[in-house]
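Per-chain residue numbering starts at 1, and chain names A, B, C and D are given in the order in which the chains are listed.
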Amino acid sequence: MRIGLVGLGKMGFNMRERLRRAGHEVVGYDRNPRASDVASLADMVAELTGPRVVWLMVPAGEPTKQAVAELAELLSAGDLIIEGGNSRYTDDREHASTLAEHGIDYLDCGVSGGVWGLEVGYGLMVGGDAAVVERVMPIFDALRPEGPREEGFAHAGGVGAGHYAKMVHNGIEYGLMQAYAEGFELLDAAPEVTDVPAVLKAWSRGTVVRSWLLDLLIKALESDPELDDLRGYVEDSGEGRWTVEEALNHAVPAPVISAALFARFASRQPDSPAMRAVAALRNQFGGHAVQN
Amino acid sequence: MRIGLVGLGKMGFNMRERLRRAGHEVVGYDRNPRASDVASLADMVAELTGPRVVWLMVPAGEPTKQAVAELAELLSAGDLIIEGGNSRYTDDREHASTLAEHGIDYLDCGVSGGVWGLEVGYGLMVGGDAAVVERVMPIFDALRPEGPREEGFAHAGGVGAGHYAKMVHNGIEYGLMQAYAEGFELLDAAPEVTDVPAVLKAWSRGTVVRSWLLDLLIKALESDPELDDLRGYVEDSGEGRWTVEEALNHAVPAPVISAALFARFASRQPDSPAMRAVAALRNQFGGHAVQN
Amino acid sequence: MRIGLVGLGKMGFNMRERLRRAGHEVVGYDRNPRASDVASLADMVAELTGPRVVWLMVPAGEPTKQAVAELAELLSAGDLIIEGGNSRYTDDREHASTLAEHGIDYLDCGVSGGVWGLEVGYGLMVGGDAAVVERVMPIFDALRPEGPREEGFAHAGGVGAGHYAKMVHNGIEYGLMQAYAEGFELLDAAPEVTDVPAVLKAWSRGTVVRSWLLDLLIKALESDPELDDLRGYVEDSGEGRWTVEEALNHAVPAPVISAALFARFASRQPDSPAMRAVAALRNQFGGHAVQN
Amino acid sequence: MRIGLVGLGKMGFNMRERLRRAGHEVVGYDRNPRASDVASLADMVAELTGPRVVWLMVPAGEPTKQAVAELAELLSAGDLIIEGGNSRYTDDREHASTLAEHGIDYLDCGVSGGVWGLEVGYGLMVGGDAAVVERVMPIFDALRPEGPREEGFAHAGGVGAGHYAKMVHNGIEYGLMQAYAEGFELLDAAPEVTDVPAVLKAWSRGTVVRSWLLDLLIKALESDPELDDLRGYVEDSGEGRWTVEEALNHAVPAPVISAALFARFASRQPDSPAMRAVAALRNQFGGHAVQN
């Protein structure tokens, strides 16, 4: 197939490559002229033939909204936009409804894979109409990992379901990472355990906790056995917060995912106002020594 | 009554004073000769007349165990030891059983009150035999706050119940302090709220969250409205950990008390090994920027 | 002063009474004719003289929005609406901006006090312009508890600050309640402790955990010492969720308040889907017995 | 090698088989005569030749302590006991010290693998003296999964390190399972997502959250897409509690692992005493409706 791809950053750049390796023709557009195949969004659209398919891979929020708005004008009825960025699933409804007014179809697609996706393939979760999904299956098949389709691709439900599923995927990821991280710290804290990297590596096969994330942690420890070259300062990308917000919306208890998120918040505070308040209280009632 | 009081530190010193103000004769012993009324534990015992009553107020663990062992030799059958320190309730069983071999009675008494106890009185939770409790009620009545006895004193149950109750009291305290602390930080974080101390002060009367701890926080904010003179570094005294251990022993979910405790642990880490592990993972899978 | 009061439910009804006892003239309107002083909102407005003051005390969300919209038409420039319900603070901005177009002033006021407010007074947190706040201080003074004004009233900041502060107040309340609740369960679980209500009552004076909520728990235990007449099923009113959402918005770690909220969510689930997933996993990897 | 194996339950039975397939001679003893190769522990020892090697695979706590005590009498100086059960790492020190008095060597070995270990192999974490570990490497090599030794075997450190590492492994497992479980519930709760099992299956390849546990959850959903055949009632096996206790001992924040454990505790409560206390409080202060 021939497809337009908007956004050639860390993710989009590799996806273009993977699609091309699979024999698809990709017209990529990026504001960065060194990455871009064409000079403008309009040029990209001009190089596609109807019914056109455009894959969006730009930052969530305003940039995606703007790209949808521009494409709504450039595309025609019967064309299709696949939003593959990290949009909040509630944005998908608005995008779909805006585009529907122009007769343009819309799919949302959560994409997992990071920098490894080029070689391994990307896990895909798609929301939207089944017939539309079917139409671009060759694209999904090229991006997803080798093997049975259902092990790397899901039609999760209606519009928004793809990004909702990806959001939950990322929320789980927060919890998984924190679980390994707490375990790492517990191993690190025990004088009995003299070879922490060896312990984690020994979990690679045959254990209940084996996983791709574990493999990555083992890899990180190979070059830096105490993780001394890093600071315990961790950003969050928004999807963890959305996951907890959905937990609130649906009254789903999410103690693990929220704890993982709060640990990141705390990791970024040079000094915690809350803990200053606790210190102040202890000082008041007990005359406990405090650190100034 | 005449009573021996072992341990004249921050708590014991004030308790001696409160007991004396109530007309009791207190023979206080402390290793610090400037605080002590007598030169030795033996001298203290010698100044008491049988059946003797000795109140222990020394640090929990070894110091208390040693004092119990020494007093087991110095006291006689029919005498009584009241362990008013912060012993773990499981230690009480051992103390009681050791002393029972000598015919010496034993009560454990959890004491709340901090530096304010001298004026306000101490909340008391006692474990042991009801008849023995009754025998020293004048002492408990002198230490507890004014007002109806049951509002500042409880016979909680058998040996250990007093310290168990005090341990839970402290566990609750951890949770309460953290709840106010999170609230403080949330107020502090909102640009809308321009007078955080005024908000907390307005909760002093008529609100659901009014409490003594709130009053203390208000007091702290009076002299330091942003709590800038403090660091968010908070020790824990052991009883929070014991409370969570009892939650584990009794399979009681304790998410709030444990979260409050973990927040203190985290407050003391200049850099979190766990969060370094999370940073390492993010770096591996996403090429996310990390702080070195 | 003369004031209009819209909404005479559990809260508004008592507030009308408290205002009248303080000598204010209150024209109350409620859809329920038995509670209402007048037949319509328009009638209420007609009985006020300019510059008019109307206090809103209707359910948050749509009912409040509608009341604001109707009053925007009925009132005149220079009049004032005080939103005393449980509006989300983000709604206040919209209300204020809508009313500003009509020249009508706006204050938001968080009100704490529950069914006890009539006698004890209500804790008040107000957001808006200082001059406007000053204008209706007699009303605030009548509603707030006796004693120094600042112990029951705060001008928290600009529009929205009152409801933000009240929201945080309620979030703290969630954490406090859960801390006491965990403590209650831990006391209940220990065979050593034979008189749980007595222990809690003994904390009433002289302890670090004394509070109004503790007093209420003691009261509840007086008539039902094991709390056997209740089910452990707890609703949440929305403000706890908003508080956690603000924690997400401001990247404030809120492990205690969120844990308290999640415990409520879990309390309402007859069976937990998440725990079914854990059971399924254990069954898969370990052949662990599961309950069907 | 020839080895004695004590305990032929779910784990030991399969381990005997795996060892035999690798060409080792295993003399298995179990109290259950149908599984046992010999009539008694003494008979088992008699069939081994010095220096003898005995692998323990009996329940942790008393059964293991008793087996160690009996074997201390039956074995000779230079023999070796490998404790492969789920002993708490603190027990290992006592075992090692008891056996050292008889000149008997001791290794502790944490074993992961569950019912799948027979085919896949068992992840092994060993504590003890390096020379002793080397001596029985053929046994470890037979039990561990195929592939590089270090991916299924670690010499973690001194006595106790093996079980400590296994304990942390299980603690992590609790956190991982709960993270997936919360994600499952969040997917289940969203009306947008119409095919939850398909979403999870699509994470099998190419995603950040792919893991063996995920594969198991997918497998469970294949036969029971809503997990309706199960109840959300989950036991805990002790190692999760130990992990949290070690977090307390080492002052390591463990919000995720503890939250996962508390969720299990809560899952087993038909009605929560803590939530009854919260309900009682709400009833007291707000006149909120409660469920009786």
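Keep this in mind: a contact is a pair of C-beta atoms (placed from the backbone, for glycine too) under 8 Å apart; a residue touches a chain by one contact, two chains touch by 3 or more.
The model shown is predicted, which means the values in this text are computed figures rather than measured ones.
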{"item": "Chain pair with the higher count of C-beta pairs in contact (A-D, B-D)", "value": "A-D"}
{"item": "Chain whose mean Cα position lies farthest from chain C", "value": "D"}
{"item": "For chain A paired with chain D, centre-to-centre distance based on mean C-alpha positions, whole Å", "value": "33"}
{"item": "Distance between chain centroids, defined by C-alpha means - chain B, chain D (Å)", "value": "37"}
{"item": "Residues of chain A engaged with two or more neighbouring chains", "value": "114, 116, 178, 180, 182, 185, 189, 208, 213, 247, 252-255, 259, 262-263, 266, 269, 272, 274, 285"}
{"item": "Residues of chain C defined as touching chain D within the complex", "value": "10, 114-116, 177-178, 180-182, 184-185, 188-189, 213, 216-217, 219-221, 224, 227, 229-235, 255, 259, 263-264, 266-267, 269, 271-292"}
{"item": "Footprint of chain C on chain B - complex, ascending", "value": "89, 112-114, 116-117, 120-125, 127, 144-147, 150-161, 164-165, 168-176, 178-180, 182-183, 185-187, 189-190, 192-195, 198-199, 201-214, 243, 246-247, 250, 252-257, 259-260, 262-263"}
{"item": "Chain B - residues contacting chain D, complex", "value": "208, 236, 241, 244-245, 247-248, 251-255, 258-259, 261-263, 265-266, 268-269, 272, 274, 285"}
